[in-house]
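Shared between the two complexes below is chain A, which pairs with chain B and chain C, respectively.
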Partner chain A sequence: MKRLTAIAALAVVATATACGTTGNTSSSGAGGIYTTIDGSKQIDASAPINPFNPQGSTFMGYDAMSLGWPKNDLMNPDLFYPGLAGSWSVTPGQGEVVIHLRPQARWSDGKPVTSEDVRTSIGLAYTQGGSAYTVNSGAAGAAADITVVDAKTVKITQGSNRSNAFLRNVLSTVVVPAHVYGSLLPAGFWTTLKTAQGTGPAADKAKAVITGLAQKVIGFSPPADVSAGPFVLERINPGAALLKKNPYFYDAAKIVPDKVKVLNYTGNEQIWNYLVSGKLDNAPFTAVPAAVMARIKATKGNEIRKGYSPVAASLAFNQAHKPYDNVHVRRALAYLIDRGQLTRVASPEAGTPAVTTTGIHASAAKAWLGDGLAKLNPYKVDPAKATKELKAAGMVKRNGLWAMPDGKPWKVRLTVPAEFSDWVAAAKSIASQLNDHGIDATVTTSADYTLYLDELASGKLDIGFWLMALGPSPYNIYQRLYGSANGWSLLAGRLRHSPPGKDGNWMGGPEVVGGVNPGELTNRLNLATPEEQKRIVGTLAGLTNQQLPVIQLYDYVNTQFVNTTRYTGWPPAGSEALRLPAGVWMQLGMIEKK
Partner chain B sequence: MKLFATRDASPAGRGGRTGHTGSADDVGTADAPIAPDPAGRRAAGRAVRRRLAGHLVRGLAMIWVVTTISFVIIRNIPGNPVLGQYEALIERGMSPDQAQRATAALYGFLPTGSLWQQYVDYLKALLHLDLGQSLSTPGTEVTTLIAHAASWTILPVLGGTLLSFLLGVTLGVYAGIKRSGKLGDALAISGSLLHGVPQYVLGLLVLAIFTTLWPILPAGGPVDVEFTPGLNGPYLASLIQHATLPVLTYALASYGGWVLAMKSSVATVLGDDFILAAELRGLSRWVLFRYIARNAILPLFTILALSLGMLFGGAIFIERIFNYPGLGLLLVNSIGARDYALMGGTFLVTTVAVIVANIAADLLYAVIDPRVRTGGAA
Partner chain C sequence: MTVTAMLPGGQGGARATLRRNFWRGVGRVLRRKPSRIAGVAIIALFALMAVFGPMLYPAHLPRDDNALYAAPSLAHPFGTDFEGTDVLALVVTGARYVILTGLATAIITVAVGTALGLLAGFHRGRWDTVLMRITDLQLTIPGLPLLLVLSTVWKFEGPLEMGLVLGLLGWGGIARAVRSQTLSLRERGFIEAARGLGLPTRHIIVRELLPGMAPYIAMNMLIAVTGAIYAQVGLFFLGVLPFDSNNWGVMLNLAVFGGGALTSAAALPYLLAPLLAILLLTLGIVLVVDAMDEIFNPRLREE
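Then we have the complex of A and B:
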């Protein structure tokens, strides 16, 4: 009986203590604790505090810093807010970029941020490959030389195969402290890099040495966070990360919160709970059902900030499968799908029906195409035109259902990953609409996104959903339609086209249409002048509108959740900063205590 | 047939229609000399060692078979993990260049060579207790991730299992004894009801009640990150606070099974001769309760041991609902990311735990039930 009493007493004490700590934020000062989530990844407390690790316990804009932060401009992807680089200059053709680091920039251990830090960071980026820092000598836009001009100035020179993406790739460089990461680069690294940038067996050997460092760099785990950002990681557990203010940050006076708490989540439902309970000061867009959205909006202080998001959802065809190789069939489907209706069902808050199919988000399309946008076929719902197109494709109607030209049944299978609720809803809406017009359409789901992508890439699917219009860079936009998924890929700096079913070509479109090679034009977007880019975008938009490798369904809207009860000064609707992490908003002096 | 082999009228004898047993101090009484002589003890010791060796050999064989099967299945799951990560980054708004840069080096973490070569490499590494490196948390050892997740799984699942066992078994005895009364009916119905409700429904219900309708407990996570980890009051209190809902859900979900199983077992024991004898001897209700409970609980020990083994499989739905970073969640995430090494490691740990629990249950059964120890000769 005594034991029972003791256990009961302990339980009461524990419960009382536990309840006493509910909502404890006592460790914060006047600036309070800013609570948010990281939309780019879930927290993994076992991951190293290393920005080169895709799952690393660092948070962009808070304790991970790049030289600059991209503005969300409709047309110009080279517009950046200053980050660790206070300013920069670039020569015409982007042959040279000179970075001027902020004079006051310091690491959280008090040491100054120097050009050597930038050089070391670039060296580490070479081990990971891609963009400006590739050891592939033929690659367009690869850096050829990095020169430390002085303690706060670095010059980065582009190789002979020029790309207009060089500046933005350089400005996106994440900078880490050389006194922490420098030992990862072996002695003679820069000599090895020079050798690797050449050709021949010695270059190949040197390339292998550099790329062989990739895993070591990714796996590197510093004992503590050393940050040049406004915050530094204090503690992390599987449920959240706690960052405290970095007193050495160059613009520390602009940073209002004393701490930032980044909550973890295992699914959207947790984010909904956080939003409904008013816990989050802000959260990036999360797909939310209408009923939950109503509850989120009803919570005191919750508001929504909307802006431009260069992403769109589309219905993509595998043109290697019949009858989708026939443009008349694709057009007929475009005439039968009511994009407004499906957007209301699938993404009422965060989507707007596509005005037509151009490959570009509607907001950017207006800027790129101007009056040309109105001249494109809008593919408004028109069953009569659809019938005409189907007949032109040789399709026949049997017993009220459209059939293949040889009379065999035509079954339209729309496939979507089961975990994307908006895509599933959109697919069901499309199937229903097509059924109403005598087309036997059904929806199938893949168990998860990884499996879905595998099925797409292996050419198993007839029609699938596909993200597109990924701007603001026009190359990025059209690379989704005329890139590796449609057969075009860069190998050693040379563009090649693989036949359908090979090398990930699942769209299976023709290499040349009406004398135009869309893959080549897309690749030129990285090399062209702004005027030429505009011409190419016009050509590609027209071609996409006529050929419909995809049907653009709805354009996403950047929908951010903010709560005004603790902080104010949020970016206004439509702000260029809206797509950046809140840590960058703070750097720009936007967040104030209420 | 001896009805009782006890010094103090406890039902520790052997025999009866279904057999029954008592506590360890009941063994070796004057009228039932179970304790063997020294030679007999040595023989019994040899028998136990033989038994253990047999179990270990069979266990190792089973681990190898399960490891091989899971290796083949895992390697044949469709889906390119790097492509999946690349598109996931694109979907989150990263540019293709950035996404490519972020994922290019991940190819270095994928196994290479033919399937057979990969299998041989995997087994060689296993012999050195090396489960490989994770792809979804690149550069991190799988053993580290599993150890980390296991530490979070043990609290809610072990706590929930023990709580539900104690509650279920105790109430199950009452339900069995009072099975024709209102209390027995109520307990049986509560058991059936909770046994029939899926874990995720219970989890969502508990979540809605205690975090939204009556928000007194945290909705997710294992502990508030604001508190310094260690043996200090606020941290421990936060730990308990965060574990309360997962433990409660797990306990509620498991409780029904224990109540129903115990009730059924009690109903069987109640028909035994020794119960009738105890009643005829006028023993108190409390003593009778102990007789019944001790004998009826035997079959449930095996289930409990296996449940404790399954503990290492985590509680997938509960961990996901409460954002509790245990082994179940780790396994689900590793499948989503096609993290072959992590999937293999998690399966292996679960397999080993169940096999070890099975062996432990068998040996424990021999300790608590003399009939097993003596080969059922009694």
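Then we have the complex of A and C:
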């Protein structure tokens, strides 16, 4: 422990020195230096200035730009703020998306942003795979063709296996300069890509060539940052990154700060200390204990902006394990868990108790289900109903403790990753509540999240915590419950269901419940019209509420921190821009100097 | 041992006299410095906590849903934790795991280290070479990283498992020290005499060499307990071992990362209680080791 303390102290000194150096030698004009953190990653000063590298020294919204920025809408995932794309058009069914780049968009070296940049960026995205740019034949929503119409217009065509996620995936494309990254794509790349999009041995060989470029792209290190965003990286050290204003940015007049300093952190505690000391002009969502929140609020200028966050925490069952295959047992547990109390214990500042289990965040559930929400079983705490359900499941009570139908002890083991302190506290609260009602419940932890997910996928765990309701796309929402974790996966454009324990199916739910195949319905959300989607969501919410493959515990609240001492014009509570990086707020003309 | 055989009267009576004299000596040494009495009292307190602590409370500790992170009061001298459980109750009921792990670690460390050190030092030659290379190998194993890796495949369900692993990772130092002592003692006259009398090796090691090193080994054992407590609490603090809300390391982890004890005062008592317990236990052990040093070292008793 002593050694740990010493290392921590040294790290603090090093960080302070590093930050101090940055601060002291930086000159800022009237716009001042805007100080923040990057919520998506910690700073790695040795990482390349490359947005394809997960640790890359680029910062979304500041010096890394995409075609558009998603709005935080409850239901419509296709609403975007313009980014490098000033406008776009899409055909019905999203077969074709035409992107019109901003005429004034230029890179920080003065060169214009062109369609060739977009095409190169898409080529590089293919090497990484996923979303619209995958070489897996038959994958839903994959781009089939990229056509440069003119210097500022690109047409991207969707393959035959359609998905209504195509537009948003295209708009989320990160654009890099072709004159810097273009050499990464070998001659004949586009021909190879065409071959890879087919089937057969030649296609397999071509796919290997494309995906074989992934590491080269990730590891590419340009000598300097070339940005089309409002800022460009000036320098970076282990303590902080300093970005200066990009004079060529298409909306440079809207950008107020002269520089942006992105501070590094090693854990939430460091962010709390930054906030308590009033150092940050804003910080994205960070889990904060109530007492720390009180101290943050007490700091001059600090304000909290709360908004919709399409994420919820749930208790997920492995239905291949007894007695969790029995819906009565799952319902009994739902009747015994006081969600209000556990939210107070686990996430008082960044969570609201789930209204009930629908699979959807409460805010979106109201929009999707309307009056239907009130008709669902709220699973309010009711020990009498829990007893009835347990008896219906054949469970027996021995010496004050519930046991399995054959009289063997029933030990409820709740597993959570040790690094998520809110989940650990929530799991402990649930275990305590179940103990109060004669259920022998304990909490176990996995050393880290990756190991935890491995343990879940391998079917080792009975009950684990699970992130769900990942909206706004209804497909993404229900894919968490009726997707690969529950046996349904898309292979070559065809949906198939794997038995429990196979292909990552750890939830082990039945393929068909009461004549409904929830995986198939979920998959249809990908293609359905808005009206159809609403109907399917209603069915899935009702089924989820009855069957409880998970118990929805609390819905997250997007809690952002802003400081009004140096800058004003922050997005208001509930704003559609609230989940975007502050660099995008600046692009939208929101941030002003005080 | 030979002196005992030459004493007049029955062997049992002589031993009883020696035992009485020994405990009188112990009493004198303890009384000489009140801090040593305090040390014994502290260790006795923790031993009682470990044995009887969990019996003082219900199996599932009561919670007060309306007093999360409550400040210290008469009802809760160290406040409450994140779900309103009395922190003192957590410390008391958590003592058993910590102390059992410490003892298990110490016993394994001392047993393995002493056995290997005695064998290597007494036999010398090939025995010494082989055993000391094994010891060197053990000393080069980085304990913490290995434990971090092990924790991903082994859940360390109980204190004895934990103690076994910590013990097997910690015997190298004692083995080296005991070997050095053995190399020195084996050249003394009484060992030469024992050899001359044709006594078996086992007798020489167990009945002649070991008693001479017993004080040293006992002191090392107590120090190993503190090392084991630090190691296991550290691992629990890092969150790599199974969750147990009354484990002192888990309490530290939740106080810092869940309660923000280093940023706000609300969770500070929750952080300080297990820290104080660790500090007190270590202090108690250090004070008792100080007393043992004087008890077993005649030169320190001359005043």
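In this section, the second predicted complex is superposed on the first by the 568 of 594 C-alpha atoms of A that agree within 3 Å, B and C clash if a C-alpha of one lies under 4 Å from a C-alpha of the other, contacts with A are read in each partner's own complex, and residues count from 1 in each chain.
Throughout what follows, a residue touches a chain if its C-beta (ideal position, glycine included) is under 8 Å from a C-beta of that chain, and two chains touch if they have at least 3 such contacts.
Please read these numbers as outputs of a predicted model, since none were measured by experiment.
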**Superposed partners chain B and chain C on chain A - clash or fit** = fit
**Request:** Check whether A:267 is in contact with chain B, with chain C, with both or with neither, and answer first, second, both or neither.
**Result:** both
**Item:** Touched partner set for A:461, first chain B, second chain C, both or neither
**Value:** neither
**Request:** Report for A:276: first if it touches chain B alone, second if chain C alone, otherwise both or neither.
**Result:** both
**Asked** Now for A:451: first (chain B), second (chain C), both, or neither, which partner does it touch?
**Response** both
**Message:** A:46 in the overlay: touching chain B, chain C, both, or neither? Say first, second, both or neither.
**Reply:** first
**Message:** If we overlay the two complexes on their shared chain A, which of chain B and chain C does A:165 touch? Say first, second, both or neither.
**Reply:** first
**Request:** Please work out whether A:579 is in contact with chain B alone, chain C alone, both, or neither, and reply first, second, both or neither.
**Result:** first
**Request:** With the two complexes superposed on chain A, say which partner A:239 touches: chain B (first), chain C (second), both, or neither.
**Result:** first
**chain A residues touched by each partner, larger count belonging to chain B or chain C** = B
**Request:** Name the contact category of A:436: first (chain B only), second (chain C only), both, or neither.
**Result:** second
**Request:** Please work out how little space separates the C-alpha atoms of chain B and chain C at their nearest point after superposition, in whole Å.
**Result:** 5
**Prompt:** Once the two structures are fitted together, what part of chain A is touched by chain B and by chain C alike?
**Reply:** 267, 269, 273, 276, 451
**Interfacial residue positions of chain C with respect to chain A in the complex** = 60, 63, 65, 68-69, 82-83, 148, 151-152, 155, 230, 233-234, 237, 239-243, 245, 253-254, 256-260, 262-267
**Fill in**
Residue positions on chain A within touch of chain B in the complex are 14-15, 17-22, 24-25, 27, 33, 39-41, 44-48, 53-55, 125, 127-131, 133, 165, 169, 172, 211, 214-215, 217-221, 235-242, 261, 263-267, 269-270, 273-274, 276-277, 309, 311, 448-451, 453-455, 457, 467, 470, 473, 476, 479-480, 483, 579
**Complete:** chain B contacts chain A in the complex at 78-81, 83-85, 87-98, 100-106, 108-109, 133, 136-140, 144-145, 148, 152, 207, 211-212, 215-229, 233-234, 236-238, 240-242, 244, 319-321, 323, 325, 329, 336-338
**Fill in**
Listed in rising order, chain A residues that touch chain C in their complex are 1, 4, 267-269, 272-273, 276, 288-292, 294-295, 341, 344-345, 416, 418-419, 421-422, 424-425, 427-429, 432, 435-436, 443-445, 447, 451
